[in-house]
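I have placed the structure first, in the form of C-alpha cells, so that the comments after it can refer back to it.
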Amino acid sequence: MAIVLGPHQYGKAETRLVRIVRDTDRHRITDLNVSTALRGGFSAAYLEGDQRDVLPTDTQKNTAYVWAKKLDPDPIEAYGLSLAHHFVDEVDPVRAARIEIERYDWTRVEVDGAPHDHTFVRTGQEVRTAAITLEPPVAHVVQGFKDLIVLKSTGSAFKDFLVDEYTTLQPTEDRIMATSLTARWRITDPGADLDWNAMYAGVKAAMLREFATLHSLALQQTLWHMARAALEANPAVAEIRLVAPNKHHFPVDFSRFDEANENEVFHADDRPYGLIQASALRDDAAPAGDAWWGYTGLA
Amino acid sequence: MAIVLGPHQYGKAETRLVRIVRDTDRHRITDLNVSTALRGGFSAAYLEGDQRDVLPTDTQKNTAYVWAKKLDPDPIEAYGLSLAHHFVDEVDPVRAARIEIERYDWTRVEVDGAPHDHTFVRTGQEVRTAAITLEPPVAHVVQGFKDLIVLKSTGSAFKDFLVDEYTTLQPTEDRIMATSLTARWRITDPGADLDWNAMYAGVKAAMLREFATLHSLALQQTLWHMARAALEANPAVAEIRLVAPNKHHFPVDFSRFDEANENEVFHADDRPYGLIQASALRDDAAPAGDAWWGYTGLA
Amino acid sequence: MAIVLGPHQYGKAETRLVRIVRDTDRHRITDLNVSTALRGGFSAAYLEGDQRDVLPTDTQKNTAYVWAKKLDPDPIEAYGLSLAHHFVDEVDPVRAARIEIERYDWTRVEVDGAPHDHTFVRTGQEVRTAAITLEPPVAHVVQGFKDLIVLKSTGSAFKDFLVDEYTTLQPTEDRIMATSLTARWRITDPGADLDWNAMYAGVKAAMLREFATLHSLALQQTLWHMARAALEANPAVAEIRLVAPNKHHFPVDFSRFDEANENEVFHADDRPYGLIQASALRDDAAPAGDAWWGYTGLA
Amino acid sequence: MAIVLGPHQYGKAETRLVRIVRDTDRHRITDLNVSTALRGGFSAAYLEGDQRDVLPTDTQKNTAYVWAKKLDPDPIEAYGLSLAHHFVDEVDPVRAARIEIERYDWTRVEVDGAPHDHTFVRTGQEVRTAAITLEPPVAHVVQGFKDLIVLKSTGSAFKDFLVDEYTTLQPTEDRIMATSLTARWRITDPGADLDWNAMYAGVKAAMLREFATLHSLALQQTLWHMARAALEANPAVAEIRLVAPNKHHFPVDFSRFDEANENEVFHADDRPYGLIQASALRDDAAPAGDAWWGYTGLA
C-alpha cells in the first residue's frame, strides 16, 4: 500500500477586472471576476517543491488582464476560450485549462430621460457565469447564471405528499414559490459562429416563461420544465443543471388578532430552506469530461 | 461619584415581511425588512429586571405584521409613521419610537414581451430605506437608500492635492470614479399630503444627474453637488447626509507587456478604500432631535 | 434660506495591515484593519473641488503603514493615538483626527505540545476594537470589542411582561440566552501609563462574569449589570455602551412525536432578533465630544 | 434525440440545531448546521408533479431534530450515519441519502479561573464538517473542516518558477505563507468502533505539524506533505482533498520613506488570490462512489 498524489490543479482566483471600451465618447463597460486554473504535469511541484514547470498564479493574473485588452471580453465565453487556448497552446507543461468568469451587469444612468455616455449603475439581478474547460482536442463551455431571485405570489401548490410519523406540514393549494436560482448549461465543442449573448438571453427567457406560466405542483416539477425548456430553446445546449433553494414564505398566523390573513402577509424565512437539484440532458449528448469539475471555491 | 444608567432602547430587528396585494389578478408585492425600537420608561427592566412595562419584542414583531395588513405598506414612510404612532399612542410606557425599514425592489417578469400578473424578479439596485422617529409632538422621517453602485468611466480628475513626505500618489486628469452610495435625507413634521414615492424618485434622479454631469475634481466636490441638488429637488427636505466609499479602479500597469493600456483595463480593488462623508442642510432647518440616532446595527 | 455644507470628514478605510515583530526567532504578529479620518478646514474641496489642503487618502494609508514600523502597534490604542497626533500636529489643515482599528487575534500553533515560533492560527472569538478621537487638547479612546458570541443554557427567564392585544409570547422560567455582543467603553484624556491590554482583559472578564453568574430576568437586566461591572473594573472608564442582539433559540415542538423535548433541542433562528441597547456612565464623566461620532460604515 | 431527466436530489438545507445535554448541572452544547438530501425514485415528482413518493423537506427537518434527541449528536459522524440509515431504511422510495453537517465549537466561559457549568463562548477557529453518503450497502463518511486560517511568518520561499513574457513576479527566499484551509478526508465503510473525535484531532494535528515545520518551496509542496501526513496519521482514511487559497501578504514598499521594511509590515490583500488544490489517496482505496457529490450550495 502506498500513498499517491491524486487530482490537483492550481491557479489565480477572483481577479476583479474592469474593461472600458472607449473608442468613441459612448463608452462600454465589462465588469468581470476571472479565475484561471491549470492542469498538467505539475507533480514535481507537489512532491518535491520543484517550481520549474509552474507558471506563477501572478502571471496568470497578468495574462487575464492583457487578454482583456487584446480582445473585447464581451462575450465572456469567447474571451475565456481564447485565454484557455493561450495557456494550453503556449505554456508547455499545461495540458488542460479551466477558466471561470462571473460577469456583473451595468446599465447606463438616465439623465433627463437619455442614457448617459459614460455613467453607469450596477444592475443587481443575476450574475452571469461562464466556465470554460479546454482539454484538447475538446472544449466545453458551461454558460449560466447564479442568484436570479424570482417569486410567484400564486400558481403554486404542495399537497398529496408522502406522510410519515415525523410529518407535520399541512398541504396547501396556494402558496408563494420563490427561489434564488443557479443554472448552468453545457455546450461541448461550440461552433465559432455561436452568438453567446443571444444564447444567454434565449435560454434565460425560456426558463422564466416556464417559471411564470406553469401551474406548479412542486418546485421539482417547475425545475424540470425549466430545464427542458432551456434545451428546447437552443440546440447547442447538451445538458443543463439547476440548483434551487426553496425560499420559504410562511403566511403569518393572525388567528389571535383582529385581522384576517388570506395569503397577504408573509414571513420570509432565512433558514432552513428546501434545496432542489434537477438536470436534463439530450440522450445523444457528447461526454462531459471535466466540464463540471469546478474550480473557484470548490472543495 | 455614582454609576448611572445612560441612553437605552430595545426592540425587534429585521422582521422580514412580504406583503402581497391581491385584490385583483394583478398582484403587487412589497418586500420589507422592518426594525422597531421603543424608548421610554424602561429603567426598571434594566436596573431590577422588572418587565411589567416591557412590551415584548415578539409583540412588536406581531404588530408590524398586523399593520402591514391594516394598511398597504407602500409607501413605507406612511406605514412606519402609523406603526410608530401605534406604539407611542397605545402602549403606555412608550415615550418615543423608532422604525427602520429597508425595502427590496421587485419588477414583473416579462413573458413574451408582457409583464406577468403574479411573477416577479428581484431588482438588485439600491435598497430603499426609511427611518421614522416619533418623539411627540415631533415626527422625523429620514428617507434614503444604500448600496447604489455607480461608476463614471471618465469626467473625473484628482490632482493639485497636498503633498507630504508620505505622499506617493500621482495626480491624474482622467480616472474612473465609482462608489456604493448611501444617502439619507431628513423631513421633519411632514405634511399629510406628501407623495413619498415621488419624493424618492425626484431626489434620487437629481443626485444621479449631478454625479453624471459634473466634471469632478474630487469625490468631495461631487458629493456636495449631489447633496445640494437633493435639497433643491424638494423643499420638504431639511438636511441630507451622504457616505461614499471611493471604490478604487487602478489602471493595470502594462509597461512590461506588448500592449498599451490607455485607461482601458482596470483592477477593481476591494480594500482599502477612500471614505468620504458630506452633508448639506438648510440654514433654517428644524432641529434634528434624535432623527439620526440609529437603531439597527448601531454601536 | 440657504443651503450650507454640514459636518464632513474623509479618510482611508480598512487598510489591512499585518505587523511581524521578528527581532528574535520567536516572532510576534499584530493583525489590524485600520481606518483613518481627518476633520478640519476642507470646505474648499467640497464647495469648489480645490484639493490644495487635502492630504490624499492614499497618503493616510502610507502613513498608517510607516507608523506600524516606527512603533510596535501593540497595544493598538497607543498606536492610534500616535497616528492621530501625527495628522493633527504635522498636517496643517487637520483640526481633528479619528482612527478606528479592528484587531484580529492569533495564537501559536502547537507542534508536539509546544507553541511554535513563527506559525499561528487565527482565533475566532471577538474582534477587539479601538476608536481614537483627537480634538486638541482633548483625546478620547473608545476601547471595545464586537462579535463576542456567548450563550448560557440555563439561568435566564422572561415573564411578567406587558401584554397587549398583539402579544402571543408565552412566559418562560428557563430559556437559552445568547447574544453576539458589541461593547465600547470610553476613556477621555488617558494617562500615559495606562496598561491598555490589561484594561481590555479586565473589563472583558468582569462583563463575562456577570453574564455567567447573574440569574437573568431579561437581557436588559443582564446588560446593565455587565455595563456597571465594566465601570467598576477600571476607574479610567467613564462610560460604556452595549448593543446585544437577542439570538433566539426556540425549543422545537415535539408534541406530535414519540420523544419529549425538555429544553434539550433548539432551533437557532436567524431573523428577526431582539436588539437591546444599554449604557452606563459615571455621573462625573468628562464630556464625550465627538468620541462616539463613528467613521467606518457610518451613515 | 430526446431530452431526459438527469441526476437529481432534494432535501432540507441548513437546519440550525442546538442540542443541550443537561443530565447534570454541568451542561454540554452541540451546535450544528444540518443538511439532508434524498436520492431515489423521485422522477414522477419532476416529470408530472406527483408528490406521492416525496417525503417533504419539512419532515426531513423534523427528523433531524428528533434524531438529535434520540442520540447525542456528538460525534456528528455517528449522528449523521444514524439519520441516513433512518431515511434509507424506513422511507420506502429513498435509495440513498446524503447528510452534511457543520459543527461550530464552543468553550466554557472562565469565571474567576474556573470553567462555568452552563455558560459558553463561541470559539472562532475552523468549522468542523462531516458529509455522510449512504448508498446501501456502502457508507462513506467524509470528515473535515473549513476556514482554518493559518499563517507562518517565515520558512516559506517561492523562486525558480517558469517565466514567460507576462511574468513580472520577483522570486523570494522569505515570505509570509497564509491560507484559509479546507480539508476533507474520506472513510468508506467505517468500523463501528471508530473514535471520530480522536480521528479528527489526530488528522488536524498531523497537518498543522507539517504546515509549521516543513520549509516550504511552494504552497503545492506544503499541501502534499499535509495530505500525506493526514493519511499516515490514521489508517482508516482512504483519501484526502485540500483546497487552499494563497492569502497574499505583500511587504509594503518603503523605498521612498524614512524607514526600512525588512519583512515587517505587510498588506493583507483580499483578491485575487492563488488557489491550490491537492489530494492524496491510498493506492488500494475503496471506490469513492458518490462520496464527493456535494449537496449544500453545489451547482
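Just so it is clear, A, B, C and D label the chains in written order, and each chain counts residues from 1 on its own.
Going forward, contacts are C-beta pairs under 8 Å (C-beta built on N, C-alpha and C of every residue); 3 or more make two chains touch, one makes a residue touch a chain.
These figures come from a predicted structure and were not determined experimentally.
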| item | value |
| --- | --- |
| Path length in the contact graph (subunit A to subunit C, fewest steps) | 1 |
| Same or different residue numbers at the subunit A/subunit B copy interface, by half rule | same |
| Euclidean distance of C-alpha centroids - subunit B vs subunit C, Å | 23 |
| Interchain centroid distance [CA atoms averaged], subunit C/subunit D, Å | 30 |
| Per-residue overlap in subunit A, given as positions that touch at least 2 other chains | 15-16, 62, 66, 166, 168, 257-258, 270-271 |
| Interfacial residue positions of subunit A with respect to subunit C in the complex | 165-166, 168, 256-258, 270-271 |
| Parts of subunit D lying in touch with subunit C, wherever the complex brings them together | 15-22, 27, 29, 31, 62, 65-66, 68-70, 106, 109-112, 116, 118-125, 148-155, 176, 205, 208-209, 211-213, 249, 252, 254, 257-261, 263-270 |
| Subunit A-touching residues of subunit D, taken from the complex the two chains share | 1-16, 35, 37, 42, 45-59, 61-63, 66, 90-91, 93, 144, 146, 158-164, 166-169, 182, 184, 216-218, 220-221, 223-224, 228, 231-232, 239, 241, 243, 245-246, 271-284, 294-296, 298-299 |
